[in-house]
Amino acid sequence: MLALLRIAKLVVFISSSLFVISLLPTHSVHSQDASPSGSNLGPITVRAHDTDNDAGGSVTVEWDDPGYEKMSGFAGFLIWRTNTLTGTSDSVEVTPFGTHSYDDRSVSDDSTYSYLVAALVNSERVMSAPSMQVRSAKQWFDSRLTWVLILGLIICGAVIYFIESAKRGTKLFLRRIAGLEAIDEAVGRATEMGRPILFVAGIQDMDDVQTIAGLTILGSIARTVAEYDTKINMPVRASLVMTAARETIKHAYVTAGRPDAYNDDMVHYVTDEQFGFVAAVDGIMVRERPAACFFLGAFFAESLIMAETGNSIGAIQVAGTAMPAQLPFFVAACDYTLIGEELFAASAYLSGEPRQLGSLKGADVGKAIAMIVILVGVIATTIASAWNSESMLWIENLLRKMFSTG
Amino acid sequence: MDSAIIGTWLAALLTLGIMSFLYKDNLYYKICEAIFIGISAGLWFITYFWDSLYRIAWIGVVHEGRYVLLGGVVLGVMMLMRLFGKIGWIARWPLAFIVGATAGLKMMVYFTTNAMAQIHGTVNDTMAAFGGSGLYDVVGRIVILIGTVTGLVYFYFSKEHKGLFGGVAKVGTWFLMITFGASFGYTVMSRMSLLLGRIDFLLTDWLKLVK
Amino acid sequence: MKRQIPMLILSAVGTLLVVSVFIPSARHWQEDASLYFDIIAVFAFFLGGGNLIRVHTEKVNRKSTGWIYSVVTLLGFGIMLVTGLFKIGNPNGIAGDLSQTGSYFQLLFQYVMSPLNSTMYALLAFYVASASYRAFRAKNTEATILLVAAFVILLGRTALGVLLTNWIPAQLSVLQIPNLAIWIMNAPNLAGQRAIMIGISLGVISMSLRLLLGIERSYLGGDN
Amino acid sequence: MGLIISAVVIGGGLLWILYLSIKGQDVDRRIVYLFVGATVALAIIFRLEFGEVATPIVKSVFDKIENLPAGSKIVLSYDFDPAMAPEVNPMANAFIRHILEKKHRLFFMSLWATGQSLLSVSLNDVLKPEFPDAKYGVDYCNLGYKAGNEGVLNVVITNFRKMFPSDANGNSLDSLPMFKDVESLKDMDLLISVGGGKPGVKEWVLFAGDPGKIATAGGSAAVSTPLLYPYWPRQLIGLLGGTKGAAEYEAELIKTHPRFKDKGMPALRMMGPQTMAHVVIIAFIVIGNVAYFRSRRKGKQS
């Protein structure tokens, strides 16, 4: 039965191919005198295969040009597709000069196809022989990302390993970060002066990790605030951040044993507009005169506007962001700045919890790998270019391949 | 009077109001600030309403039959439960969804575009800028190498910055300082052009002092 | 339960999205997740906007200091909502594009929002000046290095920089200030940027893992 | 007159601030603000312009065009959109003036769909009125926009006619005399891309200049300029960065070819106030440090 079906398919395929060829106003590829300008060109060879690393529904057609592009009157290559199950044929695309491959994204994974490519020269079509039958399929793994997976697993593995070993009681050493030690000092001073603290978790929404990092630090700060009974004022630019920040502060107050002192109004929505938000925060600063300002999260151009206003009212300012372009402004105008990675590490530091600290040690493994790769890479490329060393070139190419991300 | 003239006057008065903050907080600024907050919050709500709620959720589900988006609507409604004290805790579900999605997605994005691409770039661009074999190029390569590696040493958390390691980290901070100084210096000019635009508006479009 | 279920959602969603990067046919999950985010964000706005209205109405009711500004804010918010929801003045009616020329929404944007926005942005120029005057002082090694780098780049971007070092012969042309400025951008500046960016990505990875593993969960609130 | 007033106000003010700082008094930040505002306002009111001096990275582009023999073939690609235009359009116009003044042959094209209309504006407002003798097809031609980003470059580096069967007006390339000895980009003497995004200067370097060993220069918006610095001077013979770079080029142009003086040099005019503000900021940094060292010395003595 199955064999019969196959034979039937084959018959349909061959006959439909012949049908297509007979329909086209063309001459056999092999009859040389029939080529448009009488030149002596070989046949176009066509290969069709499933498109790599995709979700299915696409076939890649590739062909060699024996020289039709160079002929005057060349107008492009016509790609012709036959569905070998149904026998229907249609033209897919005419590709421009210089293109020798095409991804046909209009196929179904349930059918098989065969392709022809025709060179269009002076309204004539020089056909290739049909390609092998091909069926598109989806891949379960994007092979281009093999090195991403391997390196990612190594780093994540290191982080998880150190978290686990910290859980088992291994003592971990971490260096001090000046900006974090200043946080307690800043809250303490606000308490002494009887003035509020201002907290801004950046101007992005919850879909930015920096905002989440800011909120995790807010958790620690809010606990101190609750213990000291200081006032905290947190204007936000996005409603989701408002909801999340309220949960965070409330939790901190409960942990500190002061749930009654918590109030939803500590966090208030202002406006989603970047500079409208800045106008409001500036207003709050000069009117309420907070003793301490925290800017922890993702910031853009407003960083300096807020930090300079904070500076003008004499507040202690601690900032932290992973926006490289804004770091210089915070460094210039704030008392302490958490630079890049320090922002993400801060909450782990502040919590003092072993598992959290372990995760930082894991990230250090990643840094060690990066340093080694950069050292080896730059030295290898230098030697490779200066002395034409084969082995160094091999290392260079390996590294390029490992770290290329598509 | 046509609307353009009224508009220009309005724009000029608002511009001056915001600038008055530089002198000190005052009634004029407070009014401008209040207008700014009210109008902009409304503007964003309207934008969200038409772009997300109407175009994505309503058109997507009702007209295009993309029922997968209903999941978002359900999570969104859960968010609103915050308004009802007793079942307010259910609002944590959409929050958990968002934090999980952000963590998962951004982890991969940062890993490929920041870590891998930067390591790749260090090796590649170094050769673009300093690929030759003269003194200039050799010095350039060494500086990039030292700068990147010592900078990473600065961020190394699990070792005390003392002795040789501390010295290396110190060099790393110097490189970070050069980076900050350079970015600051480079952006000054573009910041000035913003102010230029505003003052030009006041003098030319509004007061017509400059032709 | 009130904490376990959210934790479960968080870990599951996060892990699925990490995995989806590697599976071609699962990549659309990422777009779906961002669409979900957009939809949730609108609903959340009802909370945020509600909060804005409540805070300002309360101020007005209690006649607390500055209540008159709250009236202005509420008015502005209301006007924008009405003109935007009903697309007042829009030549194409309710089906028209929100920012259609001539609609009241567009007029308010053009004559009220835009000048406020760009003026607030322009204040940066003043703050850059005051920060330069106050903060760029050679107090210690770090501050001196920052100062020198900024100074060379600043000079390199004015004619002064060219004129000051024109006399340096061509063999040493890298020492001419404009060239030196470019060299600083190319070598030490780039190196520093790279270290910061690589550090950031590792910080994000370790924080994301803390979140996905449920080690860090203060933002999910307590058990009540 | 304006220059004198400005110099007196600003110079006097700075000296006064210096005096206050040295005496150890804190200068109120509002005085700093007032100063910046006054500087910019004065510069706008009196339309102050300063002679820019070309930095080496700009000078090398200028010298290249200046020193090529007349009749050299130069491609100028408009790879930008209206948002970037205020910064980079002056560069493109300065290039047009310089290239045609030196009697080179100019081939216009664009890798950005939006570049096409900006290109026609330049042709109508600058080229045609200022060079009435320049003949289309002989001295310049417009190939127009082609979709395909850097793929376009991949093709034209071996063959122009395959990618551009005709120019933007529908004339076949063979009908244009200036194309007689042009087969591909490799026959060009200089490639210039003006743009600030992708595809832009970087793509011209990587897909045309570098593989074809053709001299390449560029102009880009200030934000993307640092990303292009690594290619100078090896793969890029020069680069104009932002309004500043454009102004330097304009200054160099009117220095060598004074007949353009009255053509209105927009970048130079825009730079006036910015340069003033820049100098004031540099002065502030210097004054700040003088004051700091004075106060430290005093601190040590007491």
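We call the chains A, B, C and D, going by the order they appear; numbering starts again at 1 in every chain.
We adopt the following convention: a contact is a pair of C-beta atoms (placed from the backbone, for glycine too) under 8 Å apart; a residue touches a chain by one contact, two chains touch by 3 or more.
These numbers come from a predicted model, not from an experiment.
> Looking at CA centres, what chain is most distant from chain C?
Chain D.
> For which pair of chains is the number of C-beta contacts greatest?
Per chain pair, the contact count peaks at B-C.
> At what distance in angstrom does the C-alpha mean of chain D lie from that of chain A?
Distance between chain centres, rounded to whole Å: 33 Å.
> If you average the CA atoms of chain B and of chain C, how many Å lie between those two points?
3
> With chain centres defined as C-alpha means, what is the inter-centre distance between chain C and chain D in Å?
It comes to 29 Å between the two C-alpha centres.
> With chain centres taken as the means of their Cα atoms, state the distance from chain A to chain C in Å.
Between these chains, centre-to-centre, one finds 18 Å.
> Could you say which residues in chain C touch two or more other chains, in rising order?
21, 37, 40-41, 44-47, 49, 52, 113, 116, 120-121, 123-126, 128, 130, 132, 134, 136, 146-147, 150-151, 154, 157, 185-186, 189-190, 193, 196-200, 202, 204-205, 207-209, 211, 219-221, 224
> Return the residues of chain D touching two or more other chains; collapse runs of consecutive numbers into ranges.
29, 33, 36-37, 40, 226, 229-230, 244, 277-278, 281
> Please list all residues of chain A that touch 2 or more other chains.
148, 155, 206-207, 209, 212, 240, 243-244, 247, 269-271, 273, 275-276, 279, 324, 327, 329, 331-332, 339-342, 345, 360, 363, 366-367, 370
> Would you pull the chain A residues touching chain D in the complex into a rising list?
Contact set of chain A toward chain D: 69, 74, 96-98, 312.
> If you look only at chain B, which of its residues touch chain D in the complex?
Going through chain B, the ones touching chain D are 19, 22-23, 125, 128-129, 131-132, 186, 188-190, 192-193, 195-196, 199-200, 203-204, 209-210.
> For chain D, which residues are in contact with chain B within the complex?
30, 33, 36-37, 40-41, 44-45, 47, 222-223, 226, 229-231, 234-235, 242-244, 270, 273-274, 277-278, 281
> Which of the residues in chain C come into contact with chain A in the complex?
Contacts found on chain C: 21-28, 34, 37, 40-41, 44-49, 51-52, 55, 113, 116-117, 120-121, 123-124, 127-128, 130-132, 134-136, 146, 193, 196-200, 202-211, 213, 215-216, 218-222, 224.
> Within the complex, which stretch of chain A touches chain C?
Result: residues 53-56, 138-142, 145, 148-149, 155-156, 159-160, 163, 205-207, 209, 212-213, 215-216, 219-220, 236, 238-240, 242-245, 247-248, 250-252, 254-255, 259, 265, 268-271, 273-276, 278-279, 301, 304-305, 308-309, 311, 322, 324, 327, 329, 331-333, 339-345, 347-348, 351, 353, 355-356, 359-360, 362-363, 366-367, 370 of chain A touch chain C.
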